[in-house]
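Lettered A, B and C in written order, each chain numbered from 1.
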Amino acid sequence: MDTRASSITNPYNGPLEGDNAFAQITHNVTRIMQAPRPPLAWYIAFAFALSLLGVFGLSLGFVVWEGIGAWGHVHPVAWGFPIVNFVFWVGIGHAGTLISAVLFLFRQNWRTAINRFAEAMTIFAVVCAAVFPGVHIGRPWLPYWMFPIPNQMQMWPQFRSPLEWDVFAVGTYATVSILFWYMGMIPDFATFRDRSTGTVRRFVYGLVAMGWRGSSRQWHRYERAYLLLAGLATPLVLSVHSVVSFDFATSQLPGWHTTIFPPYFVAGAIFGGFAMVVVLAVPAREFFGLKRIITIKHLELMAKVILATGMIVGYAYAMEMFVAWYSGAMYEQFAFLNRAFGNYAWAYWTMIFCNVVSPQVFWFKKMRTNVWVILIVGIIVNVGMWFERFVIICTSLTRDFLPANWGAFIPSPVDYATLAGSFGLFFTLFLLFCRYLPMVAMAEVKAFIPESHVHDH
Amino acid sequence: MSEHTEHTGDDHGHSGSAHGSGAHHELTDSLRLNKADLGLSTKAFAVGGIALGLAVVLGGGPFGKQFQHSYLTAYMWGFSIALGALWWVTLQHLVNARWSIVVRRLAELMAQGVVPMAILSLPLLVPVLTHNDTLFSWLDHEKLHHARSKEVYLNPSFFIARMAFYFVFFIGLAAFWLKKSREQEKGGGVELTKRLQSTSAPTMIVLALTITFCAIDFLMTLDPIWFSTIFGVYYFTTCVLTFHSTLALFAMWLQKKGHVTSAVTTEHYHDIGKMMFAFIAFWTYIGFSQFMLIWYANIPEETHWFKDRLEGSWLPASLILAATHFVIPFFGMMSREIKRNKTTLRFWAIWILVVCWFDMYWLVAPNLHKHGMAIGATDILSWIGVAGLLMGYVLLRAKDTTLIPTGDPRLGRSLSFQNI
Amino acid sequence: MSDSEQTSNSAAPLYGVLAEYDTPTALVKAARKVRDAGYRRWDTYTPFPIHGIEKDMGITMTKLPWFVLVMALVGMATGTLFQYWTNGIDYRWLISGKPFWSWPANIPIIFEMTILFSAFGALGGMLFLNNLPLPSHPLDLKERFRRASDDKFFLVVEASDSKFDDKETRDLLGGTAPVVLEDVLEDRITSSVVPRALMYSMVILGAASLVPFALFAQSRSAKSREGRLHVVWDMDFTPAYKAQEGNILFGDQRAMRAPPLGTIAQGHLEEDDHMFTGKVGDSYAIGLPSSITATEATMLQGKQQFGIYCAPCHGLGGEGNGMVNERASTLKQGWVPPSNLHQQYIKEQPAGQLFGTITNGIRNMPGYAAQIDPDERWAIVLYLRALQKSRAASVDELSDADRAQLK
């Protein structure tokens, strides 16, 4: 291996320093931060992400200037792409919390390789998600009305509305995720601090590490706090996407009003979120030299989770269809027939193919352990989950109770630009995270390798 | 710069404890029931049979309205234990769980409960065949508002055919798990265990659907106009709760009788307690979602089911359900120490079993008692009857096997595992 | 043995003794020895938490969970009380008929607040109990201690411990086979004074951050003669017409349009002409419409309505001598007295014509269609007939009992 040439394009192809497993893990992760420049692939990806971010800024600016008619919104489809995007991004965030919190409670120690990375993904996905409710309102300079701030109108928000619950749920989720993510990073910031060479770097990492020195007495309280936060984050993650599902389920619209929405949305969120984790993990481990930490076994386990949650989503589809038929309710039955055979049938079948059919390849071990298959299926599932929200939101709105009220929804170019642009925001933040923050939870990984075992005779 | 092993972060050989990796404990526990223990089985059968007989008499005969409703309540409660066990065994194979191996045989035995439940379903299914609408009002198609779909789904032949399918599947699956688990003891080892993991995945899918439709058929159709897509999930949480509570009590009784005394440790009870706690919260989540969504949209087609449960003395009953099924056990079981102490865990296990029965009652009885809760002797006797017969059968099956799957290659990890 | 960096610190007193180990096992064994020897002020430093070390060090369970529980309850109470006060007391508004306090609708936010407060409690409590942030520590002066966050394990016994002894403690630790055994001196070289630049910038930033709040407070309490700022002219000055505006496009110059001719409100089709106009075909109806029955209840209703609407002008007896008439006559401003309802021509009018008069008015009498419902108007007609008959009945039409009274 010509280390010099390849280190221009990728500084992480070299062997790991360190005479013991712990030092190797430290080196594997801190060299990403210590390298004078990231690999070429990072620059290419960052340029692409930044340009999409620019597109995002421009399209949002245009919408604020012209009004939300710039999107394809038209009666009766008052909720179009922005809400689809919102639910899509919030959903993606959920996998990170699941990996951090739920898998921790289930003692699945393989999570330690990917949890930092997944939590980061959660934060950035929630940031992307939060933009949309703020911007999709008719007067986007007034989103602060959603918060209970005393004002001269002496009015308060309507707390009995699911849209207001969203504000609190997503806000709490963002806050708790950041707290959890930050707390997890404190020991790793300490490692970065201790391995940094420049004064500025040492100062900044030292500041955010809060003076962590790894005292076991501190570790004890830290671990309790971690367990408590994991125990809190678990019902939180269930509640957040349930609250998002309440936006639809509390209505009376056929196709929206159904009691299974809360767990169905949560399962779908985990499904889509894991797909996004996989889409990020495959290139990241390749380009940042993390293959020894994020191994094929991890990817295989994630593929299994994708298959399992995909089946739960399939179960929910089946229950909806069964009850629509069983209830004998004309509007409900029509809503589902319309989804499958109406104007937007192409979206419906795309969704079925992407969500139900494509993960089935993961029944085969060969497929589960092939990096390319995992990456492609991850992308397909993300597309499918976006279409699921599109089918639920837009097709149900185009065909509600009164035929006189039916309409068509045609997305405008600005809709597409905003959607694409949101990926720009996500990837920009994510690539910056890769560059400057500890991508892997070093302390947690170290705690579960065989060398960390205490041997009693 | 030597080659490095991959850091899978797996707890390979590290079960989170200070014990040596892979070191097997010498299992010196008693692993089989003895004759004296089996005496309980006979007693259970006797008590169960007599209670059920009395219930029949007090409830207006086998097809009397009160008996049918009381019996359905007790039946679905008992069934939830067996189904919960069946689900749990499938799950343990699916996720390659290691902590639970020591108690898996107990669950496999509890899953055999689907056999007596199949036989015990006859008092409920015979009226369907004879078009006796004492329990299932949909037998009178006039009540279905001429909904074609309901006439297709809710007629005796399709209903019985579905029931036959469910029971064949449940009994077959339960037998399969027990058989394969015992095969491990004959030296099937790692290969067999891996194959069991692959089998568990498709069976889990079918199990999810059959449990859902079983709950729909027995409970949701009592009110043929009402529907709720989350209903299957709601019943499923009851299955998980009753199963875990019974598992804890089963293990404690065995230990009191001197079996598996060192194999099942505080750590295992802690994990069982955690699942009980978690599913109390999960039940609340599912129950609340169902209620709130129907309340919020306020569609009469859906709200009448809740109205039936919020009028007259059903309102305090519903409040009691919320208090006893959520508030009290949630705060009661929160503490780590409570889950690790056998006495407190036993208390909460019994509490949950009682409260889950009450949940079933809340689901079934408003169909009969429109004006208020009226728990009577028939309800209690039916409950004792089903419980006794179920318990008797499970213990009977236990006599033929060891109480721990000694052939499972992961047993060592289960014996030595420690909690966070 | 001291590090080269510590030469300027070498006069400092002893903080403690540091032992370094390569493996967790070695550290744990050493920790047990130190614990068993009865030391209290000591600690181990590891790059990751070692499972079970609490037992090996004698660390008791932290109180953090209780703290989190308290915060959870505070969050729950805040969420409940705040929603109850804002939506239930301070500014109530009816939304789709839901009660002001609707617990199913209020629970999601209560739940989120509980979790939010608990999370702050967990992190904040952990930092507080751990004494973080901890900017400086004597161990920072030891270069090799940097590896505590990397791959080495350290055990430090503080000199301030009551059992600490220069020789015995070192011997104890030496017996655990550490890689390195060193002294740690107190930190006497790091300045504990906050650097000037940092201090000034914090003060300036702090003051600057208060400026927006001050501006808010000022604008809230001050009055202004200027109109509000219009940022988005399109929305504040819309091309859409407002209700009372003029519009030159229409003949009557009004923006507001009446409903098209023939528009009927739901439930107001009013097909029964007899009932609603008093006419059958082109001529007035003779009797009551089919939906009105001549019962005692109808009669009493008619009497009540007559007393409310008709009697002020026409008088209680229908003679035209009501209070309004009495008063208006004295004013001598050109008052035309209301009709005496017992005149022959009125008695000969069909019931439908009477109804029409009440509905549409006649001469100076306004129409009462807006004030009296059609069925009540018919009741008035019924009562009027009774009133007219009461002045014109013959003795033979009386019942025996009444006739007996006359005698």
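One rule holds in what follows: a contact is a pair of C-beta atoms (placed from the backbone, for glycine too) under 8 Å apart; a residue touches a chain by one contact, two chains touch by 3 or more.
Since this is a predicted model, take the numbers as computed values, not measurements.
A comparison of the B-C and A-B interfaces places the larger number of contacting C-beta pairs at A-B.
Ranked by how close its C-alpha mean sits to the mean of all protein C-alpha atoms, the top chain is A. Between the Cα centres of chain A and chain C there is a gap of 30 Å. Here the spacing of chain B and chain C, counted between their Cα centres, is 41 Å.
Between the CA-based centres of chain A and chain B the separation comes to 34 Å, rounded to the whole angstrom. Counting partners per residue, chain C has 51-52, 65, 98, 105 as the residues that reach two or more other chains. Each of the following residues of chain A touches two or more other chains: 235, 239, 246, 444, 452-455. In chain B, the residues that reach two or more other chains under the touch definition are 16, 18, 292, 296. Across the complex, chain A meets chain C through its residues 18, 20, 22-23, 26, 67, 139, 141, 148, 152, 154-162, 164-165, 168-169, 171-172, 175-176, 179-180, 182-183, 187, 190-191, 193-195, 210-225, 228-229, 232-233, 235-236, 239, 243, 246, 442-444, 446-447, 451-455.
Taken in their complex, chain C has these residues touching chain B: 51-52, 65, 69, 96-98, 104-105, 107. Interface of chain A with chain B (complex): residues 15-17, 21, 24-25, 105, 107, 109-113, 227, 235, 238-239, 242, 246, 249-252, 257-263, 292-293, 295, 297-298, 307, 311, 315-316, 318-320, 323, 325-329, 333, 363, 444-445, 448-450, 452-456.
Per the touch definition, chain B reaches chain A in the complex via residues 1, 4-14, 16, 18-21, 99, 144-145, 147-150, 153, 201, 205, 208-209, 212, 227-233, 274, 281, 285-286, 289-290, 292-294, 296-297, 299, 301, 420.
Contacts from chain B toward chain C in the complex involve residues 16-18, 288, 291-292, 295-296, 298, 334, 336, 418.
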